[in-house]
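Sharing a structure below in structure tokens format, with a few things to ask.
Each chain carries a letter (A, B and C) given by its place in the written order, and its residues are counted from 1.
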Amino acid sequence: MTVNPADDLIQTRASRDLSFLDLVSIDQVTDKDFSLIMDVARAFRRHGTYKFDFNKGLSLMNAFFESSTRTMASFDLCAKQLSMDTSNLSSSSSSTTKGESYLDTALTLDSYNLKIITVRTREAGVPEFLARHVNAGIISAGDGWHEHPTQGLLDALTMLDHFKSTTLEGRTVTIVGDILHSRVFGSLVRLLKKLKATVRVAAPETLLPVGVENFGLTVYHDADAAITGADVVYALRVQEERGAAGFIPTLREYSKMYGISKRRLDLAKPDAILMHPGPVRRDIDVHSALVAVDERSHILQQVENGAAVRKALLWLMTSRLNGKKKEIVRK
Amino acid sequence: MTVNPADDLIQTRASRDLSFLDLVSIDQVTDKDFSLIMDVARAFRRHGTYKFDFNKGLSLMNAFFESSTRTMASFDLCAKQLSMDTSNLSSSSSSTTKGESYLDTALTLDSYNLKIITVRTREAGVPEFLARHVNAGIISAGDGWHEHPTQGLLDALTMLDHFKSTTLEGRTVTIVGDILHSRVFGSLVRLLKKLKATVRVAAPETLLPVGVENFGLTVYHDADAAITGADVVYALRVQEERGAAGFIPTLREYSKMYGISKRRLDLAKPDAILMHPGPVRRDIDVHSALVAVDERSHILQQVENGAAVRKALLWLMTSRLNGKKKEIVRK
Amino acid sequence: MTVNPADDLIQTRASRDLSFLDLVSIDQVTDKDFSLIMDVARAFRRHGTYKFDFNKGLSLMNAFFESSTRTMASFDLCAKQLSMDTSNLSSSSSSTTKGESYLDTALTLDSYNLKIITVRTREAGVPEFLARHVNAGIISAGDGWHEHPTQGLLDALTMLDHFKSTTLEGRTVTIVGDILHSRVFGSLVRLLKKLKATVRVAAPETLLPVGVENFGLTVYHDADAAITGADVVYALRVQEERGAAGFIPTLREYSKMYGISKRRLDLAKPDAILMHPGPVRRDIDVHSALVAVDERSHILQQVENGAAVRKALLWLMTSRLNGKKKEIVRK
């Protein structure tokens, strides 16, 4: 018996609604929200690129004031697969270059009666600020070094599926690399703590934010020690474009100290997985022999899960079943 | 009783056709055209982002040789909401950088059997020139300092709706700011004269084109005097990217002399409205306390009306009911 | 009796399949493939921009690591006219600027479950390399100075239609201009040989690749002699952006020696046609009086045929009727 994809989604959802109307931080995601998103994302994943009618007549704008290939393309295609009309605004074409404020750009977009605006900015806090002032639902697609909530959710989905579990209790996740400049870290660590994982970070002192231990994690400077016995090895990219290269002696030395090689990955548990948010810098962050070849690598699975999570959010955020309206402040 | 949106549009149109096949200047818009566009735009506005099947199987290209966030996104989403297939060509990616002429780029696009090409250029007159040589309908999305006809139409819709009238007879519209570099002014003043408004402009001598009084308007250098008793205060942006800053002493002084503050707006009539074509430069063109907060500001209403006017044009220009074919010249 | 467009396509196809799953070189195109593509392209051309449901639920990404207005827009609109969801990745926004390899960008895109990825790169061989490693079908949209297979196919369609024939046996095709830097030449010459045409090239010694005569053609340095008695005069663009200007004394002299003027074209056979892959540099490659005016010019017909050929490929490559699955290698 084949199941109609739309029916599968509707049954999986089971009349549940999210508690939030904008998603700018993992802190907004309640336990109920989280399990709803995971369930619905898995259902979307079952149906690949099947075109759903759910969001027909609704429009989405990707407002990327900082460019990002993969995230913009992912939101764009996900929205289209839900029958949304989409348009993309990228940094170079934006009116902000004519002296317009983020707020006015967002208010203008909002006047097109959009349902969702995804926002990426170089500065932390902009998506949250905009969310208070526009009618459209705002989804942060990354703000400064702060958060990237859909990345956190897809990472959680990837881990939970691998371990066939609903929590990460008893699991150790080791995050290696440029913690300081990483918005991915900001969302990931919040979610890992929520899921009760033990978190270790391994980085040179210069690539760690002040007070990082307040998240309730253990800091290592020795990558081998940090990875030994881990269930998940999560490598981050050295963000040279955000100035990371100034914080380390050379990329060669960094790679030797913190890059994930086969030898280093073998220190983790036998069923451990390797993750990376992409774009990967081969042989600096992660050795070429691991990225797409080693079966422990879940890097491409993360990308696929990203599409599933984003479709889940686009559907759930736009099709509220039980009331709750957004209140905004004009400024 | 709910009305089917498509039926509402068709009834509103009532078998009327536009007189033009390309829209490059407000001078082409007859009185009949104008009332048809206003009626149909209001009908589209009633139905928000509802997806109509009207233009299914028709394609549109946004050929923006000069970049413009808001106008391109507006045409793009409007076309999609009519089920058109759209593609965007922006200045940076254009073959004109490989030495191709505007004409050949347009002829090439035309060979894709597009129905509409929107054109924005730095140079005045290009849309009109292209319209004579391609089969697709050309809509000017702004050419140099000349015209921006869809902006003029959306401005007219905004004013007429506020005053619940079909003309602006007896109304005074004061346009303040950088008249010289403004394509918006070019379309607006033509339409205001057509609608019988009394027009005042307020700008420093250096930001006024030679012979501006030939439009049949009164020139002021004192913004307060120009705004006193006005029904509409229409602020324009200082177009620094077109060199405006070289024409005024400092932005600070400009703002003090011509920026719209609450005190200055209070000089207008009690039911006056404030307008601006965007992007707004807060605290230079218009004070922050007015832009999105003051109820006299119709700036965001203009954006929404822009979508309505553009959908009306895209539908009316592509679905001719009573014959009339375009004749073109090959060059 | 009107024929339903979808039925027309299906009847024209007659249960035939292509032999290839990726298209990166004309060398892959068998005689059967070729006649299938020609037949289906003509059928698509009969129906203009009609929107087919054939590829609904399938997604395409244009991954253009080198920018190209016309080719990207053509693939984009063609895919949409088959109801595909499309997204565009252009050089400036790509993660390759963050140090990601072409391979990882392609693997990432592949994880979105795309059906087709079109690839354009500055470097020769990249599409072929990627084709071996991703699940999506790869269509080369031009790689370095190597090949541009869809251009070759649309050129063949244009010639065969003009001569109402299935081969070019007994026909002489003269290719004039910058052979060295031309990817168009690479695909064109392979196809011309396959179709049994006699091929002449006319170019200054500096704009000819070493060993070009190995393709089985005659080299001329005198354009008049090369064009005399030709059935097709195919002009190429001087690719200044790839450094061609360094190989010739001046553009003025080049134009005098190799530009196609009316006088020069008159040396060809009376029913000869003029072709150019675009973008044309008027009065350097081809005289203005010929480009869009002279009835021998088929330059715009080439563009229209490009859409037809691309739709044929997008449909045939994504809808395999008789099995055959892609095998990929992870790297």
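We adopt the following convention: contacts are C-beta pairs under 8 Å (C-beta built on N, C-alpha and C of every residue); 3 or more make two chains touch, one makes a residue touch a chain.
This one's a predicted model, so the numbers in the text were calculated from it and none came from an experiment.
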Number of steps on the shortest touching-chain route linking chain B and chain C: 1
Copy pair chain A, chain B: interface residue numbering same or different (half cut): different
Rounded Å distance between chain A and chain B, as computed from the means of their C-alpha atoms: 39
For chain C, residues contacting two or more additional chains: 92
Sites on chain B touched by chain C in the complex: 56-59, 61, 85-87, 89, 92-95, 98-101, 103-105, 107-115, 133, 330-331
Residues of chain C touching chain B in the complex: 48-51, 67-70, 72-74, 76-77, 80-81, 90, 92, 237, 240-241, 278-282, 284, 291-293, 300-301, 303-304, 307
